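So, here's a batch of structures to check.
Common to both upcoming complexes is subunit A, partnered first by subunit B, then by subunit C.
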Partner chain A sequence: MTRAGIVRSALIGLLTAGLAVPLALLVAASMADRWFWPALTPDRLTRDAWGSLLAGGRLGGAAATSVALAAATAVLATGLALPLGRALARLRGWRRGLGAAAAFLPIAVPPIALATGLQLSLLSMGLGGSFAGVLLAHTVPALGYASLYFLGLFALLDPRIEDEARSLGAPRVEVWRRVLIPMLRRPIAEALALAFLVSWAQVPLTLLIGGGAVRTLPVEVLAFVRAGQDRYAATGALLLLAPGIAALALGLSARRAEAAPL
Partner chain B sequence: MTPRRVPLAALLAALPTLVGVGYAAAAAVGLAGYGGRGLSLDRVVRVLGESAVWRGVAFTLVTAAAATLLAGAAAVLLAVAFRGSAPGDRLARTLAALPLPMPHLVAAATFVFLFSQSGLFARLLHAAGLAASPAEVPALVYDRLGLGLVLALAWKELPFLALLGFSVLAARGPELEETARSLGADPRQVFRHVTWPMLWRGLLPGAIAVFTFVAGSYEAAVLLAPSDPLALPLLTYERWTDPDLARRGDAFVLVLVGVAVAAAAVVVHEWARARWAPFEQ
Partner chain C sequence: MTAPALRVEGLAVPFGEQAGLTGVAFEVGPAERLAVVGGSGAGKTTLLRAIAGLSPVGAGRVVIGGHDVTALPAERRDAVYLHQSPLLFPHLTAGENVAFPLRVRRVPQAEIVARVRDALAAVRLDGFAARAPRTLSGGQRHRVALARAVVSRPAVLLLDEPLSALDPALREEVRESLLALQRAYRPALVMVTHDLDDAGLLGDRIGVLLGGRLAQLARPEELFARPATLAVARLLGIPNVLPGIVRPGNRFESPLGTVALHGALAGVAVGPAVAVFRPDAAAPAPDGPLSARVTAVRHRARETTILATGAAVQVELPTGSDGVPAMGTLVRFGLRATAVSVFPGD
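Moving on to the complex of A and B:
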């Protein structure tokens, strides 16, 4: 083997280990009953963390809250971002720069900074510590990501397609219903997935706005890790990985299906 | 939405953030919030005069820069090594991209399981006879230098930068490099004058985004960073939830410091883009 070949094999080995070792460790930790120093493998296995998840224990409740929150955030953010991104893409010159900066702002500002200001506004609306308050807070960064996504997309899309539909007599609602939405089915699905994942992984906004009352999966996992409850922490962490892996797999298969000749 | 109404739409998108930051700015100078008693710079001066704040800011900037550089260097290595169309290249590109949707919290929690003083790495050291007890294992979690934090964040951000590197080389690489070769450049010159400049300019926007994100990240710091110096996001959270209401207002000054770091990164990004845009035509 050449020197370059050895380096390449070593890198592929490292990449594989970087995926497999953490994953195997999480799976083992999620089922380890006793795993004292310096044992390399658990002494005894248990299914109680996974069982409590299925039985709707603390982890199960948190997972349900997270799914509901992320799904609602995805719908809200995508619904707002689609017209917003389209409007921003129609701008030219400094207005376009300003619009892109506005969409970028909630992403660039550290979440902790976003949370302090949002907390006061939401508290004054009586939404602190509530599901609705956390939903609105999650929507802010999710809307930023989704608007930038649609801005990029509409910048590439020929606006004459819409003009043509309108010149053929379609009212505005029909242009959306019959032209834009069917054409954008996949981008809409991707924006939904993006916004879902932004909410799904969110920690500081949930902690500050939810004030400990809204217990999402990341909030519980953080608490379990800090309390040294490794089994529950690992189970929750594996669960946190699931939607991202699903989105990646679906995206890849959709791309492959599109690339395949008819 | 007509084009005329668009600045309004942009304003709406930015409004929650602007309200938040504006409120923080007003509260920092005593015009709003807890203990606001009219315009005064006392709080700003006092908070910015604390050495804990400056050590926290320095810690955050240094660890974020180190994690970004580490991930960037690894991304360049992978992009150059696996740019071809052989099965091994494609496999490596997929492996590098797969952890992309992993939440930061999962990366940090996994890192704790792997590298805490009784984690898997420590047990492997023991099995190899290199450490008799957990106390002899080098601390990578809560360590003062933030080494564990840097490694975990670099691992987490690598897939994003690697994907960017792959796409930069795939989109523009072959043509320009072929031109350089046909003009008589040897492989070393092609890399130095074509591939490398193209890669780092292509990676720069992504690297700046990573830096901003990492510097503001709360969940990785809370699991891996030391309590002294206290990283900026942790310090902000600590003040904001302080039982003493008068001290809570200090968080607003720290929020402004965090926003200033992010804004500086965006300015550097725009400067670099304007500087290099003419070469990209």
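Moving on to the complex of A and C:
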């Protein structure tokens, strides 16, 4: 093996270990009944955290809320971002820059600042502590990410294809239904996944807008960590990893399928 | 008299800071082919997009099949606009691409199947219906795009430089498909091109766009033989611009000699002028009234011509029946007055 090959293998090994070791520790912690420093392994294993999750306990309820919230956020943000990204891509010069900056703002500002600002508006609308309020709050950063994603996509998409469809007799709705949405099926799926993950991982917005009434998975994990309930915190953390890993796996397999010869 | 399939009246289209199109007016009959030529920036694409409803119109009217469609959106105009490069929908098969205009019009499935089959057969692509666009060659994609454009039998087909991106072999293939489709489906066809050969081969008439205005509209033989203005002649690439003086008695006196141009001088005042003619308007003859010495030979794929110079004036001439004359040979020639245009000059 060449020197460059050895370095490459070492780097890949380091990266794999960097992912695998914390994951293994989390798995162990999620089943550790007693695990105190300096023991390398838990004294005893238990499945009660996983059992509680499956039985629909606190973790299970939080996971269900998170799934519902993230799914609704994904649909809402993607549905809005698709025409918004297209409209931004059709702008020219400073107008496009301004539009892109507006979409980027919710991502660029510190989440706590965004949460504080949103709290003031949503509370005044009577949406504080409600699922709908948290959904709207999650949609703001998710919409930012998804809009920027679609802006880049539509900037690359030849706008003449829409002209062609219209000239062939398709009204605007049909252009979306029969041309744009089917053509962008995969990017739409990716935007849905992106928006889902943005909501799935959201803590400051949920805490401030939900006011403790909307208990999502990351909020529960945070509570378990603060209470020193490591087993439940680790179980929740592993669950938090699942959608991200699933999205990556699906993306990789889709790319592999696309790259396959005809 | 048959009503025109397309009538454009006083069309004006602003184009940014520039004037765009101004006062463009013409008619195209059912199944007629109009080729529009013009240089870069003349407004050719703007004209097609305005007719198609894809660009806003500043003034004027577009009438298709007797209906004023100026205010209608593109999808309700019964005019299909085809881009220079075939923009097939990549997520649909070739057959589904052709079916697209029928599906959006809610045509029954059985009829769609039959019409798609016929349209693909008309462009010699039977058996290609299930193929994905990315598996088709460039020529095949063009032919699928053409089949898709005519399958709904639009009144007007608008083609933007349909052959310009193709190599000569593909160009012939697509040109034949285009003519076959036009014969079968009979839409009025407006095609813009910068290629005069394509315009001459495909157009029943040719319009010349100059500076956003329609400078001339005529049958190809008339246009090439008698351009309306010196600017049109230059755009048409007519190589010979012979300066001289119009004398009484229909005589044109040039540095190469004096020639009688009966008919060509109608309406031209006595005085300075220029005579414009293509090489084939010159007829080599031992007793021809004009003369110049051969200075170069031009070999092209279709013809060979000679460049001859006299008194600092250069003209391009046919080689004559004796083949290519030697360099420095004095050639004498006359001009067919019906193929010469004379314009007042300085």
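Quick note on the criterion: the second predicted complex is superposed on the first by the 252 of 262 C-alpha atoms of A that agree within 3 Å, B and C clash if a C-alpha of one lies under 4 Å from a C-alpha of the other, contacts with A are read in each partner's own complex, and residues count from 1 in each chain.
One rule holds for everything that comes next: contacts are C-beta pairs under 8 Å (C-beta built on N, C-alpha and C of every residue); 3 or more make two chains touch, one makes a residue touch a chain.
These numbers were taken from a predicted model, which means no experiment stands behind them.
Chemist: Looking at the overlay, does A:P159 come into contact with subunit B only (first), subunit C only (second), both, or neither?
Modeler: In the superposition, A:P159 contacts neither subunit B nor subunit C.
Chemist: Just checking: does A:L84 make contact with subunit B only, subunit C only, both, or neither of them? Give me first, second, both or neither.
Modeler: first
Chemist: Just to be sure I read the superposition right, which of the two partners does A:G13 touch: subunit B = first, subunit C = second, or both, or neither?
Modeler: neither
Chemist: Thinking of the overlay built on chain A, is A:G169 touched by subunit B (first), by subunit C (second), by both, or by neither?
Modeler: A:G169 sits against subunit C, while subunit B stays out of touch.
Chemist: May I ask you to name which of subunit B and subunit C touches more residues of subunit A?
Modeler: Touching more of subunit A: B.
Chemist: Applying the document's definition of touch, where does A:R95 land relative to subunit B and subunit C: first, second, both, or neither?
Modeler: The first partner, subunit B, only.
Chemist: In the overlay, answer first, second, both or neither for which of subunit B and subunit C A:G51 touches.
Modeler: Neither: A:G51 stays clear of subunit B and subunit C.
Chemist: Based on the superposed arrangement, let me know which partner A:V179 touches: subunit B (first), subunit C (second), both, or neither?
Modeler: Only subunit C; A:V179 stays clear of subunit B.
Chemist: Write out the stretch or stretches of subunit B touching subunit A in their complex.
Modeler: 1, 3, 5-7, 9-14, 16-24, 33, 77-78, 81-82, 88, 91-92, 95-96, 98-106, 108-110, 112-114, 118, 120, 122-124, 126-127, 134, 155, 212, 215-219, 222-223, 233, 236-237, 240, 251-252, 255, 258-259, 261-263, 265-266
Chemist: Okay, in this complex, where on subunit A does subunit C touch?
Modeler: For subunit A paired with subunit C, touching residues are 158, 160-161, 163-171, 174, 178-179, 182-183, 185, 262.
Chemist: Going by the contact rule set out above, which residues of subunit C touch subunit A in the complex?
Modeler: Interface residues on subunit C, with respect to subunit A: 49, 52-54, 73-75, 77, 79-83, 87, 89-92, 100-101, 103-105, 132, 135, 148-149, 152, 158.
Chemist: Mind listing the subunit A positions that touch subunit B in their complex?
Modeler: Where subunit A meets subunit B, its residues are 7-8, 11-12, 15-16, 18-19, 21-22, 25-26, 29, 37-40, 83-84, 86-88, 90-91, 95, 98-99, 101-106, 108-114, 116-118, 120-121, 140, 143-144, 147, 197, 200-201, 203-204, 207-208, 218, 221-222, 225-226, 230, 233-234, 237, 240-241, 243-245, 247-248.
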